[in-house]
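Below you'll find a set of structures to go through.
In the two complexes that follow, chain A is the common piece, with chain B as its partner first and chain C second.
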Partner chain A sequence: MSQLNDTAIGAKVDAAVTASEKVGLLRVLGPAHVWALGVGIVLVGEYMGWNFAVGKGGAYAALIACWFAGLLYTCVAMIDSEVTSTVAAAGGQYTQAKHIIGPLMAFNVGLYLVFAYTMLEAANAITVGFLIDTVAAMTGHEGLDQRPFIILAIMFLAWLNYRGVLATLTFSLVITAVAFSAILVLFVATSPVFGDSPWRHADLVTDLPYGWLGVLAAMHFGLWFYLGIEGTTQAAEEVRSPARALPFGTLAGIMTLLIAATLTWYVCVGLMPWEYLGQSGVPLFDAARLSGSMGLMVLLGIGTMFATLASANGCINDASRAWFAMGRDHYLPAWFGAVHPVYRTPYRSIIFLVPIALIFALGAPLDQVITFSILSGLLTYTFMPLNIILFRRKWPLDTIKRGYVHPFHPLPALALLCLCAVAFFAIFLGYGSQLVAMLSFYIVVSLWFHFRRYRYVHRAAQFTMPWPKPRGY
Partner chain B sequence: MDIWNFAEYAAWAVSGILAIIIVLDWIRIDTTYSSEVLTSSREGEIEAMTEEHRL
Partner chain C sequence: MTRYVPPKQSRFGQILDVAILLLLTIGALYIPLWLGFAGSTLVGESPQNPTWESLGQNPVMVEQWNGLGFTDASAASEIISSRFNYSFSVIELLVMIVVVIGYYALILRFSEKEYRDVIDEKFNGQ
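For the complex of A and B:
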């Protein structure tokens, strides 16, 4: 239905486009789509990955990491909601950086976003292959070739994104709602509400096995509960009411994730010993299996697959918007700044990123791909405190009307900065060489941008937002 | 040959078809519209036609 809407809308608009000879992205999304974009990217982290925090420091370490990371991402959501409610343009944090800090920061943030989302998309596609292989093995088929399913996941979602944003994010909305509901159903069905409960918290939850160092190490994987909620800002140019829909969708999204993360932790640690949970590939599905209910097993199996697809879908959407926005500003070749005149999507950016995702999905190990994604995301979060402090300083509250004003400024910014420092240290403990390699990569491309690329940027044309001059200029 | 072998072939085939659909449409659009039209989007511009849309 939504697909039909997209096509019909595109066809209607096509005539008008030809007459006016201008095409832009289509403003058709509402707050529910923004929620689906943010939660859809993240929810796969509840289904898999977060539980490695349990392996690093035990059940309580994972809970502490879950709530500290929750605090970090609440700061991210609040800061993003305020800034992006005034920047109604594709590119999200890239566009914010361009207006508030400067071109070099913007170029870096744009690359962080594209890499974070493209790597996460590749990781999700690898997971789709793994899940289908698991189902095949459960039915007695060994040695399934995962490659066609990995490629199909990427091609199908790329095609969906190519055809229109309304269909894409309505699809995300439906499958994300199913995946989130599956967690709620698992929690209620295994609770003592319906008689005997399989939960054994008193027996299974132990003290911190590796002490407070384990808690610190668990922070790395605590991020998985929420990684990607900042992606809601990429919808800024396609929502009908940016000032309302973006803060509403983003803040509803982080609240949903805080609930989902806490429920996930509680159910899983009550059903599995921490030594097993810390190594599980699909902890929620394993929890459903331990409940002994075939219905829950099927539901959580579907939830796992839907969460993975929703995440990959949102990642394609967000990476292509960031790449498109950089192309439109000539930070990259302007060729990427094209919009499809019928479907009204950044079609060249979507197509360009498909082979990159395929290369990583088919040729790189999952943990390396995910680490690259997390590190790129963390660099984006580190930029945000500086961004909001400068935004408030250059454009105080009485100069630009915001759709949302976050409270207690600058406390969230300072808290975010401190939590980012802790998360960087935690990642350094486990993936120090990757961290150094990635920082070196961004330094090299920054030099390239400064000395070679920036000459092609139309310096005046990139600032087209109707903002007043910043204070002090 | 069991259902999973067929599923593998089907996945290859559907992936190929989707790739062909995307590439053909890409070529059609790039040869039908001028580069100026395709890259005419500007940040911060709220096009009248999209604002007039009613779903």
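For the complex of A and C:
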């Protein structure tokens, strides 16, 4: 009798979960949107933030950091593509962790994603304000109040996200393509192809001012060249063909970024003394100023604006999906797991995260906000090797059909783990207290989740993939 | 196998949970800022009456500084002279390593316990 009751209760629970998911997210996106989501979030890293790596260790240190970070993100993209081509659900790495490692890891990963993207969104909004202020100062309007522009940028993009994912990511696709083209145009236009080039690498590029320790330190902001590419997985529940579109969009994205990062470094260090470049707020715009061409200056100004908007746009999209997925699973109040009946977007999550982004955009310095975002991203990357090793162990290749199988396992996982250790050390060199404060935060919320919040979570209902039982359980 | 049925959370409880999470989040960023611990500061003093030569700038560098709006050496002196201080104590480094490893160990241990319940209810209860 008791068993019958349990079965009946179980059926009710399943029915309730199914009913709450009835109005689902729309499957309308293609590989180009996935590319736009990934590159759109990250490309702003070429327009601002990466250059702090030059300040940390000099021009060559930034290049070494750019390539090592590129290696780190190639491992991330390979690992992510394999797991995501199988776990096609909103929440990305959060959903992966839930199925592969366990609820507490998933809760932490969900928070990493939300904070990495929300902080990145705040950093983008700060840059929008800074850029408008710079342009105003150049046209004789000193002392512009940046805050209205910061608020307007966040509110406009949140509204766009609220209204529908297809319009949002099509908007991202267009402005990302313009911003990427602007970097290519700057490179070609300043190169010796069209006569006299303003590049002065021989005179401007110096030795390592801090030695090899500076190279390690530069890894901190080297991550900024690519931070957010892993966000492509957040679209898993909204792409028409996840097994094909997600690996294609993600890997095409990382290749685009490797090219853009190297070109950006080359142009900028050939135009600016490293001491200036290391502290510049808008380095590509400054590079265009030094080219002496008004056309390039306008183009890179527009490119910077578009890159920041595309990034903030993608961040709102990704952070809200992660928050929504956690609400749907009752890791957070279930109220956040609602989908808009008309626009089919996680509208409550989108609205809820707006004031949080504003608090950080209006109240914290840019480097701190960037560091907060990088730290959250780094914690996600450290989780990924553990995730893929356990994934292959619990479900070997012959047990689940994957849309993509990454080669040389476990070498990418081990390489990623080593590079994460280097990045932790790099952050420790300048921002050790923030690192410890943030980890303390995650330890406290983990205890809160395990001992308090988890009681509101259904057990079996969390496992939604049609997979066989994991080996060893 | 008994299926776990979670209790229904009150509206107040839901609001309280979100408030706690928000408070902790904002605290994690702002407490180091308020206490002045956050960020690596640049150190070094600008020399008195600096010249481009004394700042180690060659003619091409000077030309680029001018292009960026720094028409005299004293305006750029602070940017050129300041340096990060990368000295650290081994004990601080060890503390960081222990905190990072301890954090992941804690999460993996608790996650494993929760995960076994999920798998048991999903597969072994059927």
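Keep in mind that, in the parts below, the second predicted complex is superposed on the first by the 452 of 473 C-alpha atoms of A that agree within 3 Å, B and C clash if a C-alpha of one lies under 4 Å from a C-alpha of the other, contacts with A are read in each partner's own complex, and residues count from 1 in each chain.
Definition applied: a residue touches a chain if its C-beta (ideal position, glycine included) is under 8 Å from a C-beta of that chain, and two chains touch if they have at least 3 such contacts.
From a predicted model like this one, the values you see are computed outputs, not experimental measurements.
Superimposing the complexes on chain A yields a three-chain arrangement in which chain B and chain C fit side by side.
Contacts of A:431 after superposition: chain C is touched, whereas chain B is not reached.
When the shared chain is aligned, no partner comes close enough to touch A:164: not chain B, not chain C. Look at A:456: by the touch rule set out above, it reaches chain C but stays clear of chain B.
The partner that reaches more residues of chain A, of the two candidates chain B and chain C, is C. Of the two partner chains placed around the shared chain by superposition, chain B is the only one that A:149 touches, whereas chain C remains out of contact. By the touch criterion defined above, A:58 reaches neither chain B nor chain C.
Once both structures are fitted on chain A, no C-alpha atom of chain B lies closer than 14 Å to one of chain C. Across the two superposed structures, the residue set of chain A contacted by chain B and also by chain C is 9, 13, 334-335, 462.
Those residues of chain B that touch chain A in the shared complex are 2, 4, 8-9, 11-12, 14-15, 18-19, 21-23, 25-26, 29, 33, 35-47, 49-51, 53, 55. Per the touch definition, chain C reaches chain A in the complex via residues 1-7, 9, 14-15, 17-18, 20-22, 24-33, 37-40, 57-61, 64-65, 67-68, 70, 76, 79-80, 83-84, 86, 88, 92-93, 95-96, 99-100, 102-104, 106-108, 110-123, 125. Interface residues of chain A facing chain B in the complex, by the touch rule stated above, are 5, 9, 13, 16-17, 20-28, 88-91, 95, 136, 139, 141, 144-145, 148-149, 151-152, 155-156, 158-159, 162, 237, 325, 328-329, 334-335, 337-342, 344, 347-348, 351, 462, 464-466. In the complex of the two chains, the chain A residues touching chain C come out as 2, 6-7, 9-10, 13, 55-56, 101-106, 108, 115, 200, 203-204, 209-210, 213-214, 217, 271-273, 275-276, 279, 286, 289-290, 292, 330, 332-335, 356, 359-360, 363-365, 367-369, 371-372, 382, 386, 424-425, 428-446, 448, 450, 452-460, 462-463, 469-470, 473.
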